[in-house]
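As written, the chain order gives the labels A, B, C, D and E, with residue 1 at the start of each chain.
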């Protein structure tokens, strides 16, 4: 549609920023580079808002916001039907994502001006940020699954580059490697899933896939593997890609380590945007999942639920504040995943609520992006002040950093689900959807919500209250560049819950008025308050209750502290098994057996050469004997054969 | 009668050839070996006479006995002391020799004996006329041998030059 | 008497004239005038070669005793070119004090062996063939011993003469068997007799054994395994020029003669000799290669290389077709240039420094780049690397063999080219890659060597690219 | 002659020029002018080709000569040339890599003249191979391309160079031995009974007269023959040693271009001419190449020598080329060619960078290096880009190639091919592992050796060399459409030929 | 009774292989040469006998023998020249001394 012709700038500009900063950045001053990047992003943000405004003010067709594809050109044609196109697809969720990404990214850009001040590689940092923004925007506006995969890989790479930004630090390098390889492994599943899906449906196009014109079930009918139908395999494998990016159990191990990156990066990539790509992916293909492969959706629910609980438990005992936030992120994303998983149909109106989870999930995605970015940026400000990630180095900071304190508290309240902060509304919808599906999931998720409130306030109290740690120099409030984003996000967090989200994003596209189910809401508020109260009791004032409690649940605590030893298992499998029992033997095999065979041929030639030298004895008469016997032998053979 | 005499002469010659051949290759005195060779060559000439190839027999005696054996004797006298006995042959060497000789002989005899020679009868053509032989040697047609005759002269010349070149001191 | 018979023999007669002139010149020329002897000999041979270039027609003389045809004429020209190159190459060597007194004999005997080869190739009768064979080998024994006070030289000569005599007696035995089985020694008549089904000679063991013994005798000349054992010792012991002559001319002539006889005479029993040759080719190439791999002495190395090359040459024989003949002649031609280039360089180095080991060539490129490059080109040609002539000749000979369906044989031969490449590369490695502080110093070669090596290198570079040579041979070749 | 012959003539003139030049400056000038001309020529051919196609010329091969110059008439050896989309792409690849290679060996020592002479000879072989459509000339150029390797590695190489050079040469020659047998066989069965035998690939294909049982023998010979050069398991072992020992430009040209001869030959000779055998026997080679893909990647994971890592990675990538070819769906085969191009460019880049790093640190052991990003940022960034290309980052060439291969291979429905495809897919993960391992150890982290701190970053010629390749990699990765079309048009012909046999 | 041809052939074969035995076992070069003469002579008998018994119409075997005898003489001459040369160099003619070049 022509009114969105300018939308390509949203993609082009960050790309240009990346190229400019990447190629010429080292010649610029820090200030120029930072300002260039930020102002570029500002333009994009404005454009994204204009797009959103225009899109959502468009007249609805049959009560639905039309899907708009302003650009879609052929990039690479595989076959007649399988074509990778690059284009821009605007529909409610992609427009919503555009807003989220640009907003958070802009905040992070501004914030980084202060946070990264004076770092070497400042220009590089902005270049990578631009690259990430570009990739992420490309991902959300993808018109087809292959375009999504392309940008999916690109966000992975930019995440790799940003996590490893402090490349002289061994742990950062290791973390970046881990993040990339784990997600890459998940992407393998994604790729195979795409291949399967496209093989059966003969298309990559999201529109074709989701508007019901091709049916995966029909085309893949009768094909099964290990008792599971090909359609389910395809969709489950695609989800595997999403699970990797969204750090779902058991592919979550990279995310806590990814906190080695600069904190704004964590806020942008590992909290607000990239990690929700998995959710976005499932949401994109939601019609396929919900209509054609509900069994996969069930599987998704289970994975999400396990992850949510697991991450929440682990988050309760971590001492590195960024890790707490990381596990909290995992847990919250799991909420979104569960919300999608519990959907039973596309319907979301007065007759049926089967699609409520979809709306809830997207809503939570939106709110979570804001308050989690806020949390991370706040944490960044704190780390900036105390130069440490450990809780033990903090405590009592509320006096020194009032703005940070307030904004952090708002975010904590939001994530804990206390009204009227945004988190309450979205989480409430999720719980409602879960209860809709079955009471089991509802209770389970409510429990996790309670844990969320607990660990968030444990974090909050440990940082801002409790015993004051010894500081080498007094912590001070962050500079303006850092506080402005905090304040902005805090404002958003406060009011985002009142956005009539259901009017914009629903599975069918039909408008839906969110109405709070007060039973569910009440329960969730109660649980949240219990959690907060517990945290207050334990952590508000310095005391030995936490230690005692940890002692009373020693083994659980240890296991949780070590994240249930998943890293160790992975390390064991990769280093001890794959490296030692696959790679090394193959390398050995290659050098000694394959190569050995080749060398053996050479050696055998030499050996033969050495051992037949006696033939050439130098003695005339033995020559004659050989001569004669040679002739006789030939004659004999001829006589025998003829 | 004549046939019987011929047979007796044949067996006599054969015996001389066989015995002297063996002695020629086993005698440890080199001069004796040369002498046995001479006997063999004479007996061969006898064969030729018996087969009515008198000219060939004469050539055999002239060239071999008159030429080659004399050459041998000169060479032997030049290179070895009189009465010198050569060393004993090692048994492996003899074993190889015997094996070579016997297996070779066996194979050749087998093929010769199994072959069905097609006229397989002695055709008493009698003695060829010397003039005819001379014409054949000098003729240019089929079954005439001017060209080999000329060619062998080149060979002999070459051997003379070569032999002199090697044998002379300078 | 029809003396016009001799007109068919213009090649032989002109060669004899050259020999005679040289003989008289050597005998009656003054010491001073004989200084130009080498040059004169080369010029005369060149002139004779030029004379032979006049196209010949096919025909036979002396009642079938003597044959000639354009193909045979081409072979003789090829042999002449080779001999000419050997003679040019020998010029600096015959100037050395030890040999100069035997200079006349060297040239005359060499040309006489060439005459013998002419007869071998042109004969139509086993008698003439045998005389030619002996003419081609007996003077060579004298030539091998030409440096008669050197241990290697006389040892080589003794080995050569005794093995030659042994092999020719076996060959004679074979011929006698053939004679006994067929009743004639004329090629044409033998072919008719064997081809005559009613006589059923073709199934006779006597004939087969005769052919095998004949092959063994020829195998000696071509140095086919297991009749090759003299080769290495003789090549090593003989003066380099003689080795060169033995390895290319003598071998090439014998191979061609063998081919002509097998084609013309034993075509009806082709299956027998083809199978025999099949086996012989395989072991020849393989054993030659295996021995070559571990040689230190370059001349001995070239001996084994030439043994394995003999196996390749026989691929043209086994094909038994016109293509086979073409590719064989072509192969020999290329082989002459490549091998003589190598021997030319060996003799330049040997004459100047007395070094013949491969290790002595370490670092040669740094001191003598041109020699090294020439050597490398020649070795690559021998190994069959494009774009040098050897690649084409190898390809064509494989082509000929494959045309007749000998794919397995071609395959084995090809695998052996890998081994052969290995040892040729060893020499290249010595020259180009290895470093040596006491490398052979920069040499100044004389005009004759330069001419020789230049001609050879040009030949190596050009023969393959000029298809007209192959086409010209192909136009006259004949098959079974 | 038509203008394709310039591909051979220009290098020949270049050799003449090099031969006559005396000093370093002159040598460089000649080399640069020559390689630039080649590049221009390759681009020109590409443009002309596209124009012809756009003009509706749908002949299988373009720029063929109507009456080829007959060279050896009795054997039907003619100087027949012609190009299709694949050859054009390959010519361009060669020209680019040669161009980059000249700059990468700017300071070659000792014997610079000889080095460039050999390098040029090598490129003649490669160009000649790609433009030939006569089996004989193809084979001839193939061998011409092989032999200079020996001296290039032997004289200018490093490490265990004698062994490597010999091994490489002999193994490749062994491969060409197999090849020759199959070429002879192809010729003798090239026409139906009584027809005129031919060496011309197009005519052989047109006749399509090779009996099936003959194909059964000839196909494996031809495929393995070329497969050796394509580093097919288990005939790949020349590659790690050879690449490790070769000098920079030679590794570049060898891995970048020469190995492509293998893949190109595999489809142009083995598959195109023997479609029946391809459809019958491809499963054997699919298994072997499938093993190559994974095996190479796994082996690369534990290597410590930079060049070994890259060589094994080449085994893996080139295995994917052959793998995709054997899937003989148009898409898969197109992917194979894209993979050839991609691998050619990025591996050349890799080797160039490794050479440059080695030239400074004098070690290639990743355990002895670290933190190079600080010391030589340009080279390090290039290395990261090369690594990203290798592990298939979108936007760089590796991605589109791999994806095309996988999508193409996935068109098969039988479980055998499907499982193999999935196995091959796993290589993208393993590739990531070893690439990141190297990047992590080599470029990131702290400086291992204090002496390395004094090292300098790339000089202008090194930059030029690397940038040329990076631009090509990125161009291919970002705008693959046109080149994929170029290739798939040519590939569909072959694919359809084989398809008729199932 | 006429003497069967095969008798002659048997004798010649025995002579030939006696020569082979001598060639292989003798140490003195001259003795080896003597053995060679036996071999050559044996073949001559073959030719003559085949000619006389089987193909008496032409004298091919006869002439072959004639020329072979001449060639044998030439061969002997050259061989003896070489042997004498060896004697001049090392003062003996033991074949064992001729194995300096090997392998």
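Operating definition for what follows: a contact is a pair of C-beta atoms (placed from the backbone, for glycine too) under 8 Å apart; a residue touches a chain by one contact, two chains touch by 3 or more.
Predicted model only: the values in this text are computed from it and were never measured.
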{"item": "Intersection of contact partners for chain B and chain E", "value": "A, C"}
{"item": "Smallest number of contact steps required from chain C to reach chain D", "value": "1"}
{"item": "Most distant chain from chain A, judged by the mean position of its C-alpha atoms", "value": "B"}
{"item": "Dominant chain pairing [most C-beta pairs in contact]", "value": "B-E"}
{"item": "Central chain (by mean CA position)", "value": "D"}
{"item": "Of all other chains, the one whose Cα centre sits farthest from chain D", "value": "B"}
{"item": "Centre-to-centre distance between chain B and chain A (centres being mean Cα positions), rounded to whole Å", "value": "102"}
{"item": "Whole-Å gap separating chain A and chain C, where each centre is the average of the chain's CA atoms", "value": "77"}
{"item": "Centroid distance [mean C-alpha coordinates] between chain D and chain B, Å", "value": "70"}
{"item": "Mean-CA-position distance for chain C and chain B (Å)", "value": "32"}
{"item": "Residues of chain B engaged with two or more neighbouring chains", "value": "93, 96, 100, 104, 107-108, 111-112, 117-118, 143, 145, 148, 152, 155, 159, 162-163, 166"}
{"item": "Junction residues of chain A, two or more chains touched", "value": "613, 616, 618, 620-622, 624-625, 628-629, 635, 639"}
{"item": "Contacts with two or more other chains, residues of chain E listed in rising order", "value": "16, 19-20, 23-25, 32-33, 54, 58, 60, 63, 67, 71, 74-75, 78, 81-83, 85, 98, 100-103"}
{"item": "Chain pairs that touch, as defined at the top of this document", "value": "A-B, A-C, A-D, A-E, B-C, B-E, C-D, C-E"}
{"item": "Contact set on chain D toward chain C in their complex", "value": "71-75, 77, 136, 140-141, 143-144, 147, 150-151, 154-155, 161-162, 165-166, 169-170, 173-174, 177-178, 180-181, 184-185, 187-188, 217"}
{"item": "Residue ranges of chain B in contact with chain A within the complex", "value": "93, 96, 100, 103-104, 107, 111"}
{"item": "Residues of chain B defined as touching chain C within the complex", "value": "107-108, 110-112, 114-118, 139-148, 151-152, 154-155, 157-159, 161-163, 165-166, 170"}
{"item": "Touching residues (chain side chain A, partner chain C) in the complex", "value": "605-606, 608-610, 612-613, 615-616, 618, 620, 622-624, 626-631, 634-635, 637-639, 641-642"}
{"item": "Residue ranges of chain A in contact with chain E within the complex", "value": "613, 616-621, 624-625, 628"}
